[in-house]
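Please read the structure below before turning to the comments.
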C-alpha cells in the first residue's frame, strides 16, 4: 500500500507529463514547444526521483533540462524570428500520424495489459525496499571499473563520443 | 603458374589494359601502338599455341586437355583457376585473337574517348580469352560475365542510333541468361561429387559425377537456355538485331564474331558434355527451337533494310545452325558446329567491319538509300561480296565447309523428326542466298542512288589490313578445311563417349 | 598418266583468275587479255593432250580389252566428314570427261579470243577475263570430279561464276536482277541436289562415282528396300539429284533463269549458257547413268520432264523477237532433247545408244550453239540491238557472219551433212527404239526447231533492210571475232563425221554408228518442211506473219510471254514468300517476340515507377512506414503467440 | 492502491505515441528533434521502471539510461549544429526545403 502522497504526486506528474507531451507536439510556436518539452523532461526527472534514482534524476535535470534545452532554445532563436510558427504537414499525413500513433499506443497498451507475467502485486514501497539504496559509491564503481556488469569501456567510449561531438558540432556549425 | 602458356592470354590482355591505362587520353598514336603491339602479340601467341598443340598431338599426346594447370583460388568452395585446352578451345582462341586483331584496325579512328573505348575493348577480350582457357566452370562463368559487362558501356557510349535502349536490352537479356546459367552451374556443382568432394573442374565432373537423370534434365535446360541466349536461340534472340545495329564496329565484330561463340562453346562444353543423358533425352526440344531459329532468322533477314539488321538476323540463322548441329550429338555434326562457329565468327566480323566502313563514309545503313557502291569503292565492294559468298556457302570459303559438314553429320539420324529438321535447315541455304544477293544487288550493284556518294573514297590502309586478315582466314578455312578437322577430332572422343554411354 | 598435266589443267585457270582478279586493276587491258587468252590456250593444249592420250594411247589403264576404263589420275583428301564419307578433290578421266575437257577448253578459248574484240571498249575488261578464268576452272573441275561432292562443289562455283558474268554490266538493274534470279533459281535446284547427295551418301557411305556406278545393284541393296511415300529412297535420291541438274540445265519448271541470263555479255552466253554450264545437268545424269539404270522410275521422270520442256521451249522460241532469247529457248529445247535421249537409253536398246547419242549431241550442240551465239554477238555488235526487228537484210553487209550463222542454223535444224543431223538422228533413233511416242513427239520438236531457227535467220538476214543502215552501216566483226566463228563453223560442218560411238558409250564398249534410214529421212523431211515454212513466211517482207499473229492473239501473246512462268514465279516469290511470309515473320519478330521481351522490361519499369514514390527521401514518411510495419509485425507476432 | 509497473509504463507509451505523432507531422527540423527527444525519454523511463520493478537489486537499467542521456546530448548537439548550418544555406529549417542532397 503506497502512501497517498506518493500517489498524488504520481498523478500530478503523470498528468502534467502527458499534457505537456501533447502540447509539445501540437504547439504552433516552436519556442513554446521547446518549453513544453522542458516540462516533460522535468516530470520525467520527478519520476526518476520517485523511483529512487536520485542521481539519474539529477542528471536528467542537469543534462537534459539544463544543457540540451539551452541548445534548443539557442538554436530556435538563431533560426527563427519571434513570429515564426511551425505548422504541420498535409492533413493526410496528420491523419496518418494520428492513426499510427494511436494504433501503436493501443497495441502496446493491449500488450501491457494482457501481459501474463505482470507483477501486479508489486508496490513502489515494496520494490524500493527490495533493493539497496543506490549510493554514489555504487554508481562510481559500476561506471568506472571493469568487472562483470561494470562499464568502464562504454563510459570511455561515451566520453570519446562526446568529445567527437563537441569537435563535430564546432566544425559543422562554424561560420565559413 | 606463369610457365603455363594459356595464362598468358589473360596476362597479355591485362597488360594491354595497363598499357592503355598509362597512355594519355589525347595521344592517339600511343593508344594505337599499345593496341597493335598487344593484339599482334595475342595473335602470335594463338598461332604459336596452335602449332605447339598440333605438334603435341602429332607426337601422340592423346590426353583430353593439354597445357593443363590448376591453382587454388578460393578453398571453401573448391574454386580453382583451372586452365587447359583441347582442339576446340585452341581454334576458338585463334579465332578470338584474329578478331581482336582485326577489330583493333577496324576501330583505328574511334571517336570520342579512344582510350576508354580500347580499355573496355581490352577488358572484353580478357573475358573472352579467359573463358576459352578455363576448364573450371566457376572461373569460366566469371570470365563470361567479365566479357558481358563491357558490352553495355561500349554500346551505350560509342554506339549509334537507339544505343542506350539497345545496350540495356542486350545486357539485360544476356544477364537474364546468366541467371539461368548460374543456377545450372550451381546445380552441377552440388552434384559434382558422388563421394562428397564437390568440384567445379570439368574434367573431374565428367569423370566422376553421375548426376541423377531428373536433375540432369533440369540442369540441362537451365544451362542450355543460359548459353542459348548468348547463342541467339529463338525466342531469346531479339537482343541481337538491336544490339548489333547500335554497336560500334569493333564491338559488333567481337560480339558477333566471338561472344556469340561463347554460347555455342558453352552449350557444347557444359550442357552436352556434363549432362549427356539429358542431352540425349531433351535434345529434341532445342532442335525444334534452333531449327526455327535457322529458318526464321533467314526469312527475317530477307525484308530488313538496315545492313546491320540483315547481318544480325543472318547471325541468328547461322548461330542457330551451330546449336542445331551440336544437338545432333554426332561427331560429324559437332565438327560442323565448330567449323560453323569459326566460319560465322570470321565472316560476320568481316561483314560488320565492312558495314562500319561503309557507314563511316555514307552515314547511312539503309540499303534503299545506297546503290552502285561497287563503282565508288571497289575494294570494299569486293570484300563485301566475298563476305556475302562466304555467308551463302560458296565452296572455297569457310561457310560451305561448315554447312556441309553439319548437313552430312545431321543426316546420320535416320528418323523422320531429324530428317524433317535437317531438310528445313538445308532450305536456309537458299534463303541465305536470297537475302545476301538482295543486299549485294541493292547496295553494291545497279546505278548510284545518291550523287553525294560519288565523291567517297575507297578503303584506307588500316581498313585493308583488317579486312585482308579476315578474308585470308576465311579462305584458309574454306580451301584447307581438313587441318581443322584433324585439330579437333580428338576433342570429340570423350564427348561422344559420354553421350553413347548415356544413351545406353 | 602423268599427274602434272591434269593438275595444270585445273591450276592454270584458277591462277589466271587470281592474277587477273587481284592484279587486274593495275594491268592494262591488253596485258589482261593476252594473259587470259594465253592461259586458256595453254589449258586447251593440255586438255587436248590429255584427251588424246586417253583415247588413243591404248594404255591398259584407259582401254582394257577394247573397253574404255575410268581412271582416277589423282584423288586427294580435301575434307573428311567421317572415316568413310570423305570429300576428295581429284581428276577422273573417262570418255565423257575427256570429251567435255575438249569441248570446254575449245569453246572457252574461242570465247576468250572473241571477247578480245567484243568486249574491247567495255570497262572492267580485266575483271571479265578473271571471271572467265574462274568459270573455266570451275567447269573443268566439275567434269573431272571423282566424286559427287566434288561435283557439287564445282557445281556451286560455276553457279557463282555464272552469277558474276551475267551481272557483269552491274550498273544495269536488269542485269543485276537477272544474275540474282539465275543464282537463286539454280540454288534452289541445288538444294534438291544436296539433299539427294545426303540421302545417297547416307545409304551408300561413299561419294565416289566409281564406287557408286561400278556396282549399282550393291547400292540398291544398301538401301535395304527403304521407301518414302511409295518410292524407294534410291529413286528419291536420284530424282533429287536430277532436280539439281534441272536447275542448271534449265528444265521446266526451273528454266526461267536462262532467258534472263542473256543480260550478260554475249560471249558469256555462248560459253556458259549455251555450250558448257547448262549441259552440266545432262553430264550429271550421264555420270551417274548406271545408277539411274537400276531405278527406271527416275529415268522415266527425266524423259517426261525433257519431253515437255523441249516442246514448250520450242513453241516459245517461235514467238520471241530478241535473238538471244530465241537462242536461249532453243538451248533449253536442245538440252531437253539430250535429257530425253538419256532418259530413253536402255542397255538392251541398241546397246544403250541413247546415252551415246545424247553425249554426241552435247558435243555437236556445244559447237554450233556457241557458233550461233557468237554470230548473234557479231550481229548485236554491228546493230547495237538484240531485237531482230532492228535487223533484216544483213546478208549483204556481214557475209562472214551470214554464212557461219547459216551453217549453225542448218546444223541445229538437222540437215545433212552438218553435225546436228548425225547426233539428232541417233537421238531420235534411240527414242523410237524406246517408244514410238517419244520418237514422234521429239520429231515434231525437231521440226519446230528448224522452223524457229530459220524464222530468225530469215528475219535477220533477209526480210527487209532496216533504214538505219544508211546512217550506221553494219559491217563484219574484227578478226578476233570472225576467227572463232569460222573455226566453229568448220567444226560444225565436219563434227558429224566423227565416229563418236567409238569413243563414248555408256559402258565403254565401242558402238558402231549407222544411220537409221527411216528415222533419218523422216526427220530430214520434217526439218525441211519447217525450213520451207519459215522461208515462205519470212524470206520477203509480207503480211503473213502479222496475219498469223492476229489470227490467234491469245496463243501468240501467251507464247511471247513464255506462258507466264515468270509471272507465276514472281507471284510466288515476291507476293507469297517475300510479302506474306517474310514480312509477317519480321512483323512477328518485332511485335510479338521482341515486344514480349520488351514487356518484361516495361512491366518492371512500371512497377518500379509505381513504388518508387515510397523511396521519397522524406524521413518522416519512412518513420511512418516503419512504425506501421513494426505495429503490424508486432500484431502478427502477438496473434501467433496467442 | 499500489503504484505497479504499469503506472509508469502507460505514461511512457503515451509519451512515445506523442513523439511518433510529432515526428511524423512536424515540418520544422527542430520540432522533429523535440519529438525525437520525447520518444527517447519514453524509452529511458521504461528502462528505469523495468529495472526498478523486475530487478531491484541491479542497476543496469539506470546505467543504460545514463548512457542514453549522454548520447542524446551528443546527438542533439550535432543535430542542432547541422540544422544551423542548413539554415545558413537554405534560409529556413523546413524539412521539405532540404532536398538538395536527394538527387
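Per-chain residue numbering starts at 1, and chain names A, B, C and D are given in the order in which the chains are listed.
Just so it is clear, contacts are C-beta pairs under 8 Å (C-beta built on N, C-alpha and C of every residue); 3 or more make two chains touch, one makes a residue touch a chain.
Being a predicted model, the structure only gives us computed values, none of them experimental.
Novice: Of all chains present, which has the mean Cα position farthest from that of subunit C?
Specialist: When every chain centre is compared against subunit C, the largest gap points to A.
Novice: State the pair with the higher C-beta contact count; candidates are A-C and C-D.
Specialist: A-C
Novice: Distance between subunit A and subunit C based on Cα centroids, please, to the nearest Å.
Specialist: Distance between chain centres, rounded to whole Å: 102 Å.
Novice: Please tell me the distance, in whole Å, between the geometric centres of subunit C and subunit D computed from their C-alpha atoms.
Specialist: So the centre of subunit C lies 96 Å away from the centre of subunit D.
Novice: Distance-wise, how many Å sit between the C-alpha centres of subunit B and subunit D, to the nearest whole number?
Specialist: 63
Novice: Report the inter-chain centroid distance for subunit B and subunit C in whole angstrom, where each centroid is the mean of the CA atoms.
Specialist: Chain centroid spacing, subunit B to subunit C, equals 37 Å.
Novice: Can you list every residue of subunit A that touches 2 or more other chains, as numbers and ranges?
Specialist: Where subunit A meets two or more other chains at a single residue, that happens at 89, 93, 96-97, 100-101, 104.
Novice: When you check subunit D against every other chain, which residues touch at least two of them?
Specialist: 20, 24-25, 96
Novice: Every pair of chains that touch: which are they?
Specialist: Between chains, contact exists in these pairs: A-C, A-D, B-C, C-D.
Novice: Where on subunit D does subunit C make contact in their complex?
Specialist: The contact residues of subunit D facing subunit C are 20, 23-25, 32, 95-96, 99, 102.
Novice: Subunit D touches which residues of subunit A in the complex?
Specialist: Against subunit D, subunit A makes touches at 1-2, 6-7, 10, 14, 17-18, 21-22, 24-26, 30, 33-34, 37, 40-41, 44, 47-48, 51-53, 55-56, 59-60, 63-64, 67-68, 71-72, 74-76, 78-80, 86-89, 93-94, 96-98, 100-102, 104-105, 108-109, 112-113, 118-124, 126-128, 130-132, 134, 138-139, 142-143, 149, 151, 154, 158, 161-162, 164-166, 168-170, 172-173, 175.
Novice: Under the stated contact criterion, what part of subunit B meets subunit C in this complex?
Specialist: 168-169, 172-173, 234-239, 242, 296, 299-300, 302-304, 331-332, 335, 372, 374-375, 378, 389, 392-396, 400-401, 404-405, 407-409, 411-412, 414, 422-423, 426-427, 429-430, 433-434, 437-438, 441, 444-447, 481-482, 485
Novice: Which positions of subunit C touch subunit B when the two form their complex?
Specialist: Listed in rising order, the residues are 25, 77-82, 85, 87, 149, 153-154, 156-157, 160, 163, 167, 170-173, 176-177, 179-180, 183-184, 187-188, 191, 194-195, 198-199, 201-202, 578, 581-583, 585-586, 589, 593-594, 596-598, 601.
Novice: Which bits of subunit C are touching subunit D when the two form their complex?
Specialist: Within the complex, subunit C touches subunit D at residues 617-620, 623-624, 627.
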